[in-house]
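Common to both upcoming complexes is chain A, partnered first by chain B, then by chain C.
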Partner chain A sequence: MPQTPAVTFCAVTRHFGPVKAVDGVDLTVAEGAFFAMLGPSGSGKTTCLRLISGFERPDHGAIHIFGQDVSAVPPHLRNVNTVFQDYALFPHLSVRDNVAYGLMVKGMGKAHRLAKAEAMLDLVKLADYGARKPAQLSGGQRQRVALARALVNEPKVLLLDEPLGALDLKLREAMQDELKALQRRLGLTFIFVTHDQGEALSMADSLAVFDKGKIAQIGTPAQIYTQPATRFVADFVGSSNLLPPALTLALGGPAQWASLRPEALRLADTGPISGVVQSQRYLGTGTRINLTLNGTDLAAFVPAGSPVPAEGSQVTLTFAPEALHLLGDAP
Partner chain B sequence: MSPAIFPATTIASKLTGVFWRHPKLLLGLLLTPPLLWLGVIYLGSLAALLVQSFYSFDDFSGLVIPEFTLTTYAKLASPANLSIILRTLLMALAVTLASAIIAFPVAYYAARYALGRWKAVFYLGVMLPLWSSYLVKVYAFKLILAKEGIVTWAASATHTDWLLNAALALPFVGGASLSSSYLGTFIVFCYVWLPYMILPMQAAIERVPVGLLEASSDLGATARQTFWTVTLPLALPGVIAGSIFTFSLTLGDYIIPQIIGNSASFIGMAVYQLQGTAGNVPLAAAFAVIPILIMLAYLTLARKAGAFDAL
Partner chain C sequence: MPFNASRRLKVAAAAGLAFLHLPIVLIFLYAFTTEERSFAFPPPGLTAQWFAVAWARSDIWPPLILSLQVACVSTGVALILGTLISAAMAGAKFWGRESLSLLVVLPIALPGVVTGIALRSAIPMLHLDFSWITIVLGHATFCIVIVYNNAVARLRRLSGAILEASADLGANAFQTFRHVLLPNLGTALLAGGMLAFALSFDEVIVTTFTAGTGAASKTLPIWMLDELIRPRQRPVTNVVAIVVFATTFLPILAAYYLTRDTSDSPIASK
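On to the complex of A and B.
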């Protein structure tokens, strides 16, 4: 018997006046998945999350959570919880009472709920912080409180709305690992909204790339990265060279839009691409050099350790034929 | 010789330099006049009031005896004066409570739902009554609430006289007509002070982030639970600010109970009569100390109850 998916969207549409925030989205999130919704701001990913939590209602289409149609279920009756972008901790309550809030409104006794809250604070490594007010915590600590406050309710699905956006880089990377480990340990379905493609690629089991209210592509991080379906995906995920049909043809492909990753381009003695290095950028793990070929800007990645051609020097580049990835856009 | 970066030649530019090097000097210069005003005119006169309440009044000569004594406070504790204080206190409590209950939905709507033009309509609607004369409004209400007034007429036209009569038949607060009962005094107090409750409440509710209400709902709280556990505690400083206005304005008012009601005395009226006609400044001062003490006690209680935790 096939497993019931955690969340399904069936032709879901949500418009705000003339703005098509979500425009005919079909989506299936498997139980226990770490699912990312990736897209630039205004692409509809946050609206999709709010449709799951119930703060928005679809104009058309149906949303099912574990097989149940939730179109008539208000947010407080849905067994999903959200970690909000700004954490939305209650400033007048202590950290412990914040975490116990969901249990309190469901009528759990004080001793019982505070014990559970403490256990959850222990899980997010904030055992000694229960008596403090949210204002006395750092950004990373608040983020953990928000996580504990959601998880203590034992949700079927946990929604995370850019939860790491406000943290600095080091902390963000540490939290990425922790979140991933926590999700594995609890076996919960996480749905994660982010505009940071690195975050989405490194954390998610599968992800959906949003563009203008529609899903541009759904797949595993590797599929999205190596086989982008459209120019938008190729451009937004990673940093791809986009080749117009004429250039693809010139490089030995059919007359179609194609993408070519900078790290697929190698310096060589002979090759189909040659040009003058316009600029270079040192990235730590290597150096990116930029050149122009037939009016198209191309970037190539020179790994650290290899000699880097100077600006203004003539270079020749080659690539493996299979690295040229054809895109689905009309020529 | 290299040219100066900032050639300080004029007096103004030299002064700028002095203020920049000594920021506290500028702050002091700016703050001294208002602090003097606050200290001397506000607190000084309040201290003078407090001192006078410890003087006594000679009933025969009509003179104030400037010697410290507690006899004035003993007179204040007479049953007649205590009943004035109790009456004023109960009225202020009732007016504050009713204003808060009426104001909250209005303030909530204005803070959460009113947009653009409706927000302007809201502000106009709340402020407009404040722009017209207070006396005109009170006298207008005397006519509205009179036995021959529009309320009685409307009640009989809609066959709800029984309701009006039942209200007027209530013991203690009722009377011959609305304009000559405590009920009428209460209604006019509520009408006149309501804007002072609505505006701080609206500002406080507006400051409660919508995200917190969503978080509460997300965590399983019903709308009612969200109101009692999130909205109200966070808006409480505004409610308290509003209640300070309605409470203290009612405690000190002497015009409304003179014009509307059964002529029973309130603290404000007592002060007015003692000071104006009787010349008994010490007892008037002692009366005036009562609202101050009540407000201090109220604020202490509110603070203990955690009303200012969210500030």
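On to the complex of A and C.
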């Protein structure tokens, strides 16, 4: 028997006046998945999240959560919970009462709900912070409270709206690992929205890349990264070289748009690409060199340990033919 | 930028503050003077007898009770209507919203005489007799603004996301109002209410226009004005002034402390 998907969108549209925030989106999120919605701001990913939580209603199309059509279900009756972008903790309540809030409004007794809240705070490693007010916590701690406050309700789907956006880099990386581990342990469906492609690629099992209210591509991180469907995806995810049709033809491919990863380009004695190094940037794990070929900027990645050609020197580059990835855009 | 005031500026500032506050000290001083016909400085002697005299004077109590009654009812009306307007204005976006907001706060910018004359001529059209109720109507015009200003500033600061978070966690609209909105609005309403009370309690101009005739419509500030022409027992007026001072200053002080940590201090909006 096929498993019921956690969330499905069927031709969902949501327009704000002339703005097509979500424009005919079809989507299936499997139960237990860590699903990312990736896109630049204004691409419709947050509206999609709000359609699932119920704060937006679709103009057209249907949304199902575990097989149930939720079009007429208001937010407070949906069995999904959200970790909001700026956490949206209740400033007047203690951390413990914040976490117990969802249980309180459902009528659970005080002793019972506070015990559950404490257990959940323990899970997010904030066991001793129950009596504090949100204002007395650091950004990372508030993030955990927001997480505990959502998870204590045992939602079927947890929605996370740019959950790590307000944290500094180091904390963000630590929280990425923690969120991932927590999701594995609880076996819940996580859907998270981000504009950070590195975050989406490293955390998600599968992701949807949004562009102007439509989904440009859905796939696993590896598929999205190595086989982008369109110029937009190739450009937004990672730092691919975009080749116009004429250049693809010159490099031995058909006259189509194509992408070529900087890591796929190698320094060689002979090769189809030669040019002068315009600039270089040290990245730790290697050095990125930039050159111009027939008016197109190209970047190549020289791994650490290899000799790095100096700026202004003539270099020749080669690549494996299968690294040239053709894109679906019209030439 | 650190700013080192010159000596002259310091003296000028001290003189300014003295000009503002010394008369208040004089009120206190003259409440204890032994000279009852004129305010001679320095007082020939000091006595506490005027407090006992004031307590025993039967003509003080009705105005005091009336003033308290008017201030309480005006504040109550203002709390209900001001909160409702602010909730409507904060939650909605519509054409003309800014103009409407200006119309709501206009009564406090309008000179008291204008409000007074307007009400004086409008109230008979409603076939209402001038009484303590019409005083309340007059006071409510500016008390509403105070409550509205406080509530709307708090609502603006309050992240709309916490209302959504409440719904997301399963709360219905009433639970969100009871557990999230009201606790966060509470101190703003309390502060606005106390300030409104203080403003109403010592209001003179609008009161003169909206009060009926006779003793039943004489509020405490009006009584004090009448007392100035009395030749005897003048320090009694000062004793009453101290009462008025305490009744209005303490709520304002409390309101200030209640909203001290926030940007929407009612003192700033007064």
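In the analysis below, the second predicted complex is superposed on the first by the 331 of 331 C-alpha atoms of A that agree within 3 Å, B and C clash if a C-alpha of one lies under 4 Å from a C-alpha of the other, contacts with A are read in each partner's own complex, and residues count from 1 in each chain.
Rule of thumb we're sticking to: contacts are C-beta pairs under 8 Å (C-beta built on N, C-alpha and C of every residue); 3 or more make two chains touch, one makes a residue touch a chain.
Everything quoted here is computed from the prediction, not taken from an experiment.
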For the combined arrangement obtained by superposing on chain A, do chain B and chain C clash, or do they fit? clash
Could you tell me if A:Arg184 is touching chain B, chain C, both of them or neither one (first, second, both, neither)? neither
Touching A:Val105 in the superposition: chain B (first), chain C (second), both, neither? both
Answer with first, second, both or neither: which of chain B and chain C does A:Asp86 touch in the superposed model? both
Could you tell me if A:Lys125 is touching chain B, chain C, both of them or neither one (first, second, both, neither)? neither
Based on the superposed arrangement, let me know which partner A:Arg281 touches: chain B (first), chain C (second), both, or neither? neither
Does the superposition put A:Phe55 against chain B (first), chain C (second), both, or neither? both
State the stretch of chain B that overlaps chain C in the combined model; pick it from 8-16, 116-124 or 170-178. 116-124
Do any residues of chain A touch both chain B and chain C, and if so, which are they? 53, 55, 74-77, 81-82, 84, 86, 88-92, 101-102, 104-106, 149-150, 153
Across the complex, what residues on chain B touch chain A? 209, 211-212, 214-222, 225, 229-230, 233-234, 306, 309-310
Can you tell me which positions in chain C touch chain A when the two form their complex? 159, 161-162, 164-172, 175, 179-180, 183-184
Footprint of chain B on chain A - complex, ascending: 53, 55, 74-77, 80-82, 84, 86, 88-92, 101-102, 104-106, 149-150, 153
Per the touch rule above, chain A residues touching chain C in the complex are 53, 55, 74-77, 81-82, 84-86, 88-92, 101-102, 104-106, 149-150, 153
